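Below are two complexes that have chain A in common, paired first with chain B and then with chain C.
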Partner chain A sequence: MSAALRKAPLVVPLLLVVLFLALRTDSFLSGGNIENVLVNAAIVAVPGLAMTFCLAMGEFDLSVGSTVSLAAVVCCSAIIDGVPVLLAMLLALLAGALIGLVNGMVVTKLGVTPFIATLATLVIVRGLALAYTDGHDQIVSSPALKYLVGGRPLGVPMPILLAVLATALAWWSINRTRFGRWVCAVGSNREAARVSGLPVDRIRIAIYVLVGTAGGFWGLLIASQLQKGNGQLGLGFELDAITVVVLGGTALLGGRASVLGTVLAAVLIETIRNGLNLLNTPPAYQRISVGLLLIAALALLGLRRRVTAGPATVPAAVKEAVV
Partner chain B sequence: MSTDTQTPKPARSAPASRADRAGRPTLGKLWDTWGITAILALLLAATPLVAPDFLEFSNLQSVLRESAYLGIVAAGMTFAIASGAFDLSVGGQLALVSVVTLIGYSAGGTALAVAAAVATGLACGLVNAGLITGLRVPPFVATLGTLFVFRGVAYILTQDGPKTLPYDQIGSPFVKIGGLNVAGIPLPFVIMLVVYGAAWLLLRRTATGRRILSYGSSPAAARFCGISETRIRIFVFALVGVSVGIAALTYITRVWTADGSAQDGFELKVIAAVVLGGTSLKGGKGTLIGTFSAVLLVSVLNDMLVSQGVPSAYQRIVLGCVLIVALTIDGLRTRFAAPGSFRRALSVLVQRPSPVDGA
Partner chain C sequence: MTADNTSPEDPPLLHVDRLTVEFPGVRALDGVHFDVRGGEVHALVGENGAGKSTLLKVLGGLHRPSAGEVRLGGQPYRPRRPADALHAGIAVIYQEFNLYPDLTVAENVYSGREPYGRFSRGIRYAEINRRSAELFGILGVHIDPAATVDSLTVSEQQLVEIAKALSVDGRIIVMDEPTAALSADEATRLLDVVRRLRSEGRSVVYVSHRLDEVFAVADRVTVLRDGRHVRTAALADTDPDELVRLMVGRDIAAAAPRAGVAGDEVVLDLAGVSAGRQLRDVSLTVRAGEIVGIGGVAGAGQPEVSQVIFGALPITAGTMTFDGAPYRPGSPADAMAAGIGFLHEDRKAAGLLPDLSVRDNLTISVLGRLRHALTRLLSPAAQAGVFADYRNRLAIRTTGPDQLIGQLSGGNQQKVLLGRALAPGGRLLILNEPTRGVDIGAKFEIHQLINELTADGAAVLMISSDLPELLGISDRVYVLAGGQVVGHLTGADLTEENVIMCATTERRIFSPAGV
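Showing the complex of A and B:
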């Protein structure tokens, strides 16, 4: 029990929040509402999982928010131009993958710091999305696209199904495959990984492509929900995705990934958001609560580390010496 | 140039940048400080050909006026990045400080508004510092969290609609902060110059500046030398907060209105300007001259694109590409500056005997 808790400490606050909301509101526990929360959590969780790999590798991708926008724009305008919906969706994913590839190349081959490289693509890609649409909405009315968020194969909402699949896949590849090990190895010490003969550049590029594709997928989900695409979608989403990962317990400096943590964090954040809505709190408090939650989680982590390992932990010192 | 003048002997196997700090200027070192300034000069030299209107006096004035708030915050952020951390919350801080300043102004006039701005900025900075030093939250997460929190508080304070300066206040001394010219130079830019002067002295001429740089280049080593991590963190984040406070004064008296959504994405703009200027995200290296020029470069570029009728969407694309190109050049430079190769060629160029013989 305690081992399970150590692996997924977010279960405790999640249960507390659920308990609180169940007692304080009438509608929280209704089937429709729970499903609503889970669908929203699933939508954040999928890109969050990709971002988990990225942070486990010790890097960030800030360009996700713009990728969301561009993918939605690509998909919607392709549908408007008469491209079959499936192909349009594929194009959007491809656009996301391409952005990821550019990020990966700039980071590995040109040697630009990931933070800055993806910051630049964040700006550029949003510019592309705005330029392509000339600032207008690309409105579609496509039942096939709607199915991505609204469909219920086997009675389960599609996003939840997809998120469960993605979670299983991510968990398996981080914990059970060579690739997952490589990613964590690069994250814990890139130089050591290189010296041991890992194809570090290729691993990094692969992860950026993964995050880009996931960003594209996020864009598809948003386009499916809103039935439109424009250059303003996804503002600030990059920070949402990183928030979920960090809250989930993936180490900020890389080397460790917590797939289940990411998913739980997504559920926790959406539950709180939903609860605040049900309690009629203004949206501003939702932002504050997410911020406070993030700080509290990391503060607890810091306190625990200080209690168990003294002021300067050895791995941290080693890390500083190497970087 | 930054950290250690205590170790005069050129370390044999140390990376070139370390040995560079011994004193004499090299081409690489000059580029570190002045590179972006040179690019800015080139751009300005080209303006008469590309955008003749740019050099009109009123246009120059407005460019300088608009660049001030970004520049002032970037000065503070240079310290944070030089110390190896960065503050993601400045966007939230700017929104919150602006809102509080306007509340202060309507309650007690100019004096209270100015006091409120600086005090709120300082308070925001201290909150960040407290989380980082007291609760041991990593700066990235702490300031990401407070970004949400500060913005959220600004939203709550403006629930009944954005705070604005009433139009009949146009003659008040407070509004003049943004509008006045001193001998033709816009006051916000004068404030920015003063801020940069003070910041340069602080970074280059005081022990505190040196401690910040040494802490940034190696926190572990700095700790062993008796530099207090807590003090550095508190100082740096308070400094960022105060710089936001000052910047907000020049910002709010230009735009006259603020709510929780003011300047969304500001933090990334500021960090981009600092890094473009040549301050390393790895810490230990900070150049205020570079930051200053980078801020002007971005503003000038923006203005030129606008005056050429380039749609704002393409402006983003251009600015993003500039960022990547600048950082690529920097990355290539540091790569070739590794012991041996390119560095020796540079040393020859500036008539300097090479201290490092690549073994």
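Showing the complex of A and C:
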């Protein structure tokens, strides 16, 4: 039990929040509400899983929010232009992958740090989405696109089904496959990876393509929900994706990934948002709550590490003082 | 000379001919010759900056030569990337380990060559764990293949690197300063591993500053100086004095003579100090003008002693007295304010600010003092003054105060950090491994400096895993084992045998007080 808790410490706050909301509200435990929370969590969890790989590699991608917008725009515009829906969705995913490829090339071949490179593509891609739509909504009415979020194969909402599949795949990939271990190897010690002959650049590019594609998929989910695409969608989404990864316990500096942590963090954040809605809290306070939660969670994590790790290695205090 | 399969008539397995490597403005290697025979241990020695690391990096596929040729088994060998070197059977173990701390031992050993299932794509963990265990069996050690590397000791990590080299079936295993971070005991075991590798028919290129190891394990030795080949000889045909002379290009004394005179005034006194389970009931004194050494096998509590004195590790029992007053630092800042200078054992991880100039690196600990009285702005003139002062005293060889510290040799970097520890002007200096990874010439200079400091009345507490250094310049030595003081040696008792005896057996040796 305690070992499981150490691996997924978010279970405790999640249970507390659920208990609190169950007692304080009438509607939280209703089936429809729970499903609503899980669908929203699933929508952020899928790109969060891709971002988990990126952080495990010791890097992050800020351009995702804009990719969401561009992918939604590409998909909706294509549908408006008469492109078959499946092909339109594929185009949107390709657009996301292409943005990822650009990020990967800029980071590896031009040697620009990921923060700057993806900050730049964040701005550029947003500009592309706005330019393409000339600032207008691309409104569609497509049941096929709607199915992506609203469909219920086997009675399970489509996003939840997809998130479960993605979680299993991500967990297996990062913990058990060669590629996943390479990603963690690069995050753990990139120079060592280079000297040991790992194809470091190819690994990094692959991860940016993965995150870009996931961003495109996120855009499809949003387009499916709203039945439109425009240049304003996905503002700040990149931070949502990074938040669930960090809150889930993946090391910000790379080397270790917590796939289940990412999923739990997505559920926790959506539960809190939902609860605050039910308690009629204005959206501004919801943002403040999520921010405070992040600080609290990471502070607790840091404290725990300091207690358990002990001064066996070089104490940080020595480094600070001597340097 | 020890192995029969290294007859001089055999064509060499690896042949380096007139190798030149140039970097912008520097010729790191200049027409170097070097060869390795099958099944021999070939030592490569030279001061820092002699070109050893550059040669290793050419062999490992990290640097490309500007001229010259390398032949492996008679064929041209031109690795373009590290993977090429591994495929050719040349495994280089660099001084900075190339391990992934977050991954398991087996994952590290088979990194890049993991066997995996065709359909599941899953790594075959049972297989790599078993094969890793077999490799450790060859090396005669027990390391859990499923443990993460960050849970291992430095010497175990070294063995993981060697297992990695074996796993690619390295015909030539190149080790760069493999014992730099090991205790004497661990180093002895490593030398056994090197001999095992040779008996397996593999060749080892052994780079080391420690000539005793070279003479203990190598068949031949090549000396490099300033990027040039100086001499290659069978170990039987040379001796340590000659090698030192060839390395530095001049004769130097083996150890600096003691100049300091121990006074009676006790500067630091520890009485029954404990720190959790890491230190138990440690009592020691350091007097003005004295160099007190601390020895023992790695992990016996040496760094922890320096950390409690420097306020980086809280004490759980006992008392400390500094300069005659009770002393209980809550942080390194307290310790510095009280007048204690500290040199960390890990120059790279906890010392150098590689992107800053030598001036900034040296004065960083005293910047508060170098501000203008009125404006509170940093005074470049005062900073330059302090730097010039230490540059002269410590004989720091640099092109100027603005040179980046990363461009200096290890020995000069260490002198800058020594200056940083001295600049606050404390009465007690704690030196952790003051000459680790510096060349013989700089080592001698640093020893002289420590001597001069004590002659001026400073007290020095030195932790060193280098026994000749510990015995050569300390007035007294405390030996630690399991976080306890198990020996106190002075005068005629200061011998290698006594230190090793105390550190590794039940025997306790306490020289009579008042020596």
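Definition applied: the second predicted complex is superposed on the first by the 309 of 323 C-alpha atoms of A that agree within 3 Å, B and C clash if a C-alpha of one lies under 4 Å from a C-alpha of the other, contacts with A are read in each partner's own complex, and residues count from 1 in each chain.
Methods note: a residue touches a chain if its C-beta (ideal position, glycine included) is under 8 Å from a C-beta of that chain, and two chains touch if they have at least 3 such contacts.
The structure displayed is predicted, hence computed values, not measured ones.
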Touched partner set for A:R256, first chain B, second chain C, both or neither: second
Touching partner for A:L239 - first (chain B), second (chain C), both, neither: first
Partner chain(s) touched by A:F20 [first = chain B, second = chain C, both, neither]: neither
First, second, both or neither for A:W171, with chain B first and chain C second: neither
First (chain B), second (chain C), both or neither touched by A:R181: second
First, second, both or neither for A:Y147, with chain B first and chain C second: neither
Partner chain(s) touched by A:E191 [first = chain B, second = chain C, both, neither]: second
Which partner reaches more residues of chain A (counting touched residues only), chain B or chain C: B
Touching both chain C and chain B, counted on chain A across the two superposed complexes: 317, 320-321, 323
Touching residues on chain A, where the partner in the complex is chain B: 62, 106, 110-113, 115-117, 119-124, 126-131, 134-135, 231, 235-236, 239, 242-243, 246, 252, 282-288, 290-295, 298-299, 302-303, 305-306, 312, 317, 320-321, 323
Contact footprint of chain A on chain B as seen in their complex: 131, 135-138, 140-142, 144-149, 151-153, 155-156, 159, 218-220, 223, 260, 264-265, 268, 271-272, 275, 281-282, 311-317, 319-321, 323-324, 327-328, 331-332, 334-335
Sites on chain C touched by chain A in the complex: 60, 62, 81-83, 86, 94, 96-103, 107, 111-112, 114, 116, 120-123, 125, 164, 276, 278, 304, 307, 310-313, 331-333, 335-336, 342-344, 346, 349-351, 353, 364, 420
Touching residues on chain A, where the partner in the complex is chain C: 172-173, 176-179, 181-182, 184-185, 187-189, 191-198, 251, 255-256, 310-311, 314-315, 317-323
